[in-house]
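Here come two complexes built around subunit A, the first alongside subunit B, the second alongside subunit C.
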Partner chain A sequence: MSKLSFRFSRKYLAIPYAVFLLCFIIVPLLLIIYYAFTNGGGEFSLNNLNKFFTDPTKLNVLFVSLLIGFMNTAICLIIGYPLAYFLASKRYNINKIMVLLFIMPMWINFVLRTGATRDLLVWIGLGGGHYPILATMIGMAYNYLPFVILPLYTTMLKMDQSLIEAASDLGATPKQVFFKTVVPLSSPGIVSAATMVFMPTMSSYVISDVLSEGQIILFGNSIYLNFSQGQWNDGSFMAFVLLVIILVSMLFTKNVKKDEDARGSIW
Partner chain B sequence: MKEPIIIELRNVSKVFGDMTAVDDINLAIKKGEFVTLLGPSGCGKSTTLRMIAGFDMPTQGQIFLNGEDITNLPPYQRPVNTVFQRYALFPYLDVYDNIAFGLKLKKIKEKVIDRHGQEVEVTRKLTQEEIDDKVTKALKMVDLEEFEWRDIATLSGGQQQRVAIARAIVNEPEILLLDEPLGALDLKMRQEMQLELKDMHKKLGITFIYVTHDQEEALTMSDTIVVMKDGMIQQIGSPVDVYNEPKNAFVADFIGESNIYNATYLGDKKVRFLGQVFTCVDDFEKNEKVDVVIRPEDIRLCPASEGMVVGKIISKIFKGVHYEYTMMVGKNEVIIQDTRDIPEMDKIGITIAPDMIHIMKKVITENIYLGHIDKNNNVCFANGVFEADITQLQQDSRVDEDGYLVDAKGLKYDLTDVDVQVSIDFNAIGIIDNEEDGEVAGEIVSIIYKGDHYKVIVRTSDEEDFVVDTEYSWNEHDRVSVYIAKKDIRLKLKGDIKDHVKA
Partner chain C sequence: MVKKIFVKSYVWLFLLLMYLPIFTLIVFSFTEATNVGDWTGFSFGLYAKLFKDQETMVALSNTVLIAVVSAVVSTILGTLGAIGIFYSKKRAKNALELVGQIPVVNPEIVIALSLTILFVFLGIRFNFLTLLIGHVVLTLPFVVLSVRPKLMQMDPNIYEAALDLGASPIYALRKVIVPEILPGIFSGFLLAITLSLDDFIITAFTRNNSFQTLSTLVQTKIKKGPIPSQLRALTTIIFLLALVVVIVTNLNLRRQSAKIRRQQKNEV
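So, the complex of A and B:
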């Protein structure tokens, strides 16, 4: 009989990740789908689907989440884009300390940061008790701004200066250079930034919960509520809806970024 | 017919930090000319172009276009367009939109009759049909018909280059600026494009300003060549002028192959180099030190008995149309191009016609020699061996016990037999009465009183001169020797020190 021998080959290096992938990504995903399409007794049913699309409260949560997601993305881009443009210009940002200053909030503990934001807003009279949407939006923008600045800043740093010179050479005024060259050139960064803000905003729940003092219920809050009340099937279906929205938005952004594979964006 | 001047640079300088890229240049370019700015990298040619385009503002001086000062005009207000080195095409637009980019922004003035029957001037944008028409014409010009809707990324380098040219000329600029546009193309493509560009220049009739470091490209295409070095213009002239009558040794060396020798003008149209006296056609001051340039194709090989100079052929290379021979005359190399296949012989002669000997004035501000470092880290030049401080070739370096140069990072350099340029101030050379006591012996060939000191020229048997400022008087024809202190010998590496890192 031949002796059993173990020959090491490179593919074995993938085993730890494969195990991780299986345990923490594939199995949970399947579990979500399983719970989303079964009833309490474990039988296949579309009951959750019916319940979700007929329950005005849940549809309202979806609508509010989408709205706040869009609004936050827009606000972050409006604030973050010029900022990133400014940071990427070598004339103003010689030693990159400015970039650090703007992404530093990411390094402070999230719960602490949100708690402090709430106290600050209450103190200046914009507390969630009176202005739930405003307070939530301020908190969201504050939290997600670094996620917009970073990808935009990196795209803008890599921008080919000779293209900007070429535009100007062809008769574009500084304003036209910005809209006809800088913006299109930074569109991969814009897409990256938007995806990094939109989905997490929709599913976040601590920020909206703390800052609106429980008045604004986002998708994340709602899922958490379902699970904490033992309604696993309803919660799972909502998680499934979120998953579908992510997939749709990915298909949508894929076209924009088709020639940007080399840039190594996270999607 | 004399064409008016379209663009003029007056005393223009550009300084980046502590680096002077362009140093007080004056240049006037005539309408319709094909002008090439030629020079090695870092000579300021691209910076000059960028200042004409408006991307860089001159630190000093003014730029005039058709007599109007445009020094402070931004690029988008200048009637010039640029073809960039790496094309700079917009990757998010297709070929059509790249070319139409400038047209879509353009506003034209037009005279129309308004409803009161009066003629008024209005500005309007180009219509879609006008743009279409111009883009199609431009594409035809660069031979890219039916490429309108192609993505930029799907085009080859040569095609992208054509799009870049079309994008510039479609705006009908008064001047087309081209910044080494063919640099990224392969040789065959480059030669093809050279002819096409030349053709295009003829058809369009506008002024082309072309930047390149390729002397052949410059000679092929230009009406006028501007040779630049260290931010300064060395010579302006037609290709024939620049080739046949180079103003100084740099131009001669940069444009075409040439033999350059130290020589002495003996007066009466006689010049001495390669140890012989030649008849020439130029007039210089008697006993003046000059540079002599002879093109390899202007030297004729002949039997030793008929030669003006006799030497030994050390190499022979077949170059297609001709053979290139390298001959040694004493310590000097002579490069000769001859169509005849001559066997390599120990003794062969050369003849040079008087009008092929180009003599150029030498401007001397310090003594400059070409030398090399020997294995003891001494510097050999002008027939002598001098002690020198080689640590000046690299910052914060020292010489280790094995004689290698070690820099601050611990990298070792082996500088044996490395060529260096040696420069020595006039007042750093000492003269000794005795031929044996100094490092190099020579004869005093000239002594001029300069008020408070004498300018003495000591010439070695190899026609190398030491120009010495001294307070002591000497006599012409004295045999003397010279010495130089170690600290006064300044060295500059010919090439990059990184090439000599010891493995």
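So, the complex of A and C:
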């Protein structure tokens, strides 16, 4: 008779975690794919795919989302890169607390902040009723700037300063030093900043809805609408399109080493 | 010199812009007009109105409730998960790390929709538990990310030493591993709280419609008009709380680094 005995091993501690991941991450994602490729009756169909690629409103959502996603990523990088550079550079001797000050608005409720931006823009006459695109872009840049500053700032702090000194010692002009040394050295930060802005912008709901007064429909707005009308198949196909876009962008960035998620460094 | 002035003004300009919407609300929290921009005389009226506003008070307590409960669940599940993964074999480790980080890259709207579909598929009614699951999915990867580096820094021999000295595995875990990784657990917990407090999309999808959090309440209000005036007073209070938290953590960090420096000096 063999005696079954349970021997504790530290790896068993991951079992509840693994079960949770299976139930609430893997299964739900599989369900999205299932709903994306079935009709209301549960039969396999490419109807949702056909509808997505022939419906001008849905194609418009895809186009506008990609456009606003790219624009916001560019704006945030253009504003945020010099900010992170100045904050990290020892030459300008800017207090460390300044970095914290740039992140602190994130502690105020996100919906409240978005509403505040909208009310301020309406007050100064730049409200979304008249300028939906401008108002939305301001709201997006305002919200995502900290997400660009953080990863760039941490990468720049870790940059090997001797390489930069070496470049100027060897006769590079300040411009050459910047474009040939600083930018390439900070590319991991640029990539992680861009990935942290692009997808969330494309799929956002509150910012575009509130700031454009409902005039700009992004992926988030479209999926939210499908959700509130109980159209699971349509919504799932849109979510599936987002998943494909993520996979494609991961293929593009997979060779670049990324910094840790900046949200992780708030504390 | 000119360059230095340019740099400082660039930084200060954007810092000012970051705070402009918040400061506007704070300034106009001291007057009772409906719209931001109208000044009808100084008053603390909105603060009184805020505390009498039952709807907002309930939403606030709901927000704190779900944040604390989900952060506790996430911290326990994530810490055990991180320890388990750390001691797993390579294949299980890679698989768990990959799946565990999906919610970080996955847009929130996809997480929200996928969970909603799961609950609808299983015929589960939306209640506090479904909302809790949503928030745990959102925050769990960040707990694991906070704990993992502390496990890597830990001396691998101390657990073995505890076992050799007669400690049971559970006892050694509690008395040796957990104290070593406590700072990581703590920062994971704080991060989980901040993410949960701020969440809108996952909450909107997975909650029972009668359960309002601050995010969902503000969203329904600002769809119809300007931010309700008493919420301007709330913004001031949240801002002051955030400021206190920043100052306290900053002082703590300084004290810790001073302590480390002193220890290093003593060792030399």
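Keep in mind that, in the parts below, the second predicted complex is superposed on the first by the 246 of 267 C-alpha atoms of A that agree within 3 Å, B and C clash if a C-alpha of one lies under 4 Å from a C-alpha of the other, contacts with A are read in each partner's own complex, and residues count from 1 in each chain.
We adopt the following convention: a residue touches a chain if its C-beta (ideal position, glycine included) is under 8 Å from a C-beta of that chain, and two chains touch if they have at least 3 such contacts.
Keep in mind that this is a model prediction, so the values were computed, not measured.
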{"item": "Partner chain(s) touched by A:D169 [first = subunit B, second = subunit C, both, neither]", "value": "first"}
{"item": "Which superposed partner A:D160 touches (first subunit B, second subunit C, both, neither)", "value": "first"}
{"item": "Subunit B versus subunit C as contact partner of A:L66, first or second or both or neither", "value": "neither"}
{"item": "Touched partner set for A:A18, first subunit B, second subunit C, both or neither", "value": "second"}
{"item": "Dominant toucher of subunit A (residue count), subunit B or subunit C", "value": "C"}
{"item": "Subunit B contact footprint on subunit A (complex, rising order)", "value": "160, 162-163, 165-173, 176, 180-181, 184-185, 187, 259"}
{"item": "Subunit C to subunit A touching residues, read off their complex", "value": "4, 7-8, 10-11, 14-15, 17-22, 24-25, 35-37, 77-78, 80-81, 83-89, 92, 96, 99-100, 102-111, 113-118, 120-121, 133, 136-137, 140, 142, 144-146, 159, 169-170, 173, 187, 190-191, 194-195, 197-198, 200-201, 204-205, 214-215, 218-219, 221-223, 226-227, 231, 234-235, 238-239, 242-243, 245-246, 249-250"}
{"item": "Subunit A residues within the subunit C interface of the complex", "value": "8-18, 20-21, 24-29, 31-32, 35, 79, 82-83, 86-87, 92, 94, 97-98, 100-102, 104-120, 122-123, 142, 145-146, 195, 199-200, 202-203, 205-206, 209-210, 219-220, 223-224, 227, 232, 235-236, 239, 242-243, 246, 250, 260-261, 263-264, 266-267"}
{"item": "In the complex, subunit B residues that touch subunit A", "value": "53-55, 74-76, 80-82, 84-86, 88-93, 101-102, 105-106, 153, 167, 171"}
